[in-house]
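Structures incoming, each one as structure tokens.
The following pair of complexes shares a single chain, chain A, combined with chain B in the former and chain C in the latter.
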Partner chain A sequence: MTPKVPPTSAPPDQRRLSLSSLLPVSAIRLEVRAADWREAVRACGEALVAAGITTPAYTVQMIATVEQLGPYLVIAPGIALAHARPSAAVLRPGLSWVTLAQPVRFGHKDNDPVTLVVGLAAPDDYSHIQALATLAGLLEDAPPRAALLALQTPADVLAAIVAFEQTHTTDTPQGAG
Partner chain B sequence: MRGARTLPPARAEGSVKILAVCGMGLGSGLLLRMQAEKALRQLGVEADLEVADIGSARAFAQTADLIITSQELAEQLGSVKPRVVTISNFVDLKEMVEKLRAALARS
Partner chain C sequence: MKQVRLRVVNAAGLHARPAAVFVAETSKFASKIRVRNATTNSGWTDAKSILSVLTLGIEPQHEIELTAEGPDEEQAAAALANLITSDFAGKL
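Now for the complex of A and B:
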């Protein structure tokens, strides 16, 4: 079994892709109607496709990931991080952000139902590390999270993320681990 | 190294080896690893952190002192040598700090 190369091997410049640089406004969809988790993940994949981040095959791969591995990607109360492995369906690193008009259940013991599905498409296992760190910071505390989820337009969401990044510049993940 | 069966003490000079396990090795596992790094800095504990996907986690577990993962993946992982810490909310640093503190105290 060949050990997976840890993210620490990433060149420093490739750890710095910010969340706002990886999340185009065209990949942000608010109040999307989804009847179940499949439709929610599909909406998330469609947003990635619309932004030129992935091909439609990646959407199928994300749904297959949930089918195979279960609802573990519901990483926090109400929040799913949908993704699949790096593949030819990933055209460039990027994320999508889909809030749901009605929450859907993924079958997670603690964190259902889900109102925000973040789609992650990565060509490798390190270039999006800064974006993930920002995402964690954005969503950690309930009041700012609620304020973020109440925003009415994709431009407002992106502006809030940029503002967060400007005030949290010091919290860069350390490579040495 | 090979053949050493006793776990190193958590706060001794040797650092603890922690494995973050997720489905693919690049999403939630990477997030766990970053959150664990922050938590360990708060706790003042030296640790080596690695990420493994569920497919290779059992092999990596052989040399780890502690595994952090979700409840779902812990069930898929089954029985392994290191203590397994399950995290429910991956963006809640307080949960990570408390569970790592408790696990390291029992190591």
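Now for the complex of A and C:
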């Protein structure tokens, strides 16, 4: 019997990329006007492109993912996690955060309409798992979620995320300074 | 109550799409189903919520524990064990 070789693990530093380190303030856009889910995902993709995270091809891939796989990316009431498979259109791992002036429908049976679209771009399937865990924790409970969505500037959103990470991270090494 | 402990063998862990597939499976059952990340010693959370599953940060080779409690707990535990140990049965 040949022992089964486990899949190669990612280096720990690759897995521990924090949400705040992956979400540049330039990729946060608030009160964006979008007529439908396509425009909302496009806005999310444009924010990724503006921050140097992806090329415009990734935006097309995210829209195609919704068309092919359906509205499963609406992961909680009012929240969509737009993404596509890792591809050459991803220049570096990162996220964008787009809130909508008017909610749009993705066709999800429980979680429509959507007011926050988070764009996720990853060069692989695993480096963003802990950032995703932070994002999920941040959005899990309705009262803090509502408070987060009421913030008026991108800098305030990022500051709230950093504050959340400082109180909820369990395994971050203590940094100097 | 049925409890199972499973190793996540898909190469990616439970990122967005596997979490959605996992929750689609748990949601087929009437039983109350809870899950925890045994590797990180996390608390128990609702296995029918994508957000809750994502908070567990389940990476490749992590071990998870599942409990199912209700009228179809046997079937639920068997189906979820099959999903995880078969690398999501081609549903990704």
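The definition used in the following text is that the second predicted complex is superposed on the first by the 162 of 177 C-alpha atoms of A that agree within 3 Å, B and C clash if a C-alpha of one lies under 4 Å from a C-alpha of the other, contacts with A are read in each partner's own complex, and residues count from 1 in each chain.
Everything that follows uses one rule, which is that a residue touches a chain if its C-beta (ideal position, glycine included) is under 8 Å from a C-beta of that chain, and two chains touch if they have at least 3 such contacts.
If you're wondering where the values come from, they're calculated on a predicted model, not measured in any experiment.
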Field: Fit or clash between chain C and chain B when superposed on chain A
entry: clash
Task: Using the superposition described at the top, determine whether chain B or chain C touches more residues of chain A.
output: B
- request: Have a look at where A:D110 lands relative to chain B and chain C in the superposition and call it first, second, both or neither.
  value: first
- request: Kindly classify A:H83 by the partners it touches after superposition: chain B alone (first), chain C alone (second), both, or neither?
  value: both
- prompt: Should A:E31 be classified as contacting the first partner (chain B), the second (chain C), both, or neither?
  reply: neither
Statement: Shared chain A footprint, chain B vs chain C, residue numbers 6-7, 69, 72-73, 75-76, 81, 83, 120, 122, 125-126, 128-129, 132-133, 135-137, 139-140
Message: Show me the residue ranges of chain C that touch chain A in the complex, using the header's touch definition.
response: 9, 11-17, 20, 24, 40, 49-61
- prompt: Mind pulling up the chain A residues that touch chain C in the complex?
  reply: 6-7, 9-10, 15, 69, 72-73, 75-76, 81, 83, 120, 122, 125-126, 128-130, 132-133, 135-137, 139-140, 170-171
- request: Sort out for me which residues of chain A touch chain B in the complex.
  value: 1, 3-4, 6-7, 65, 69-73, 75-77, 79, 81, 83-86, 108-111, 120, 122, 124-126, 128-129, 132-133, 135-137, 139-140, 173-174, 177
Field: chain A-touching residues of chain B, taken from the complex the two chains share
entry: 22-28, 30-31, 33-35, 37, 47-54, 56, 59-60, 70-73, 76, 88-93
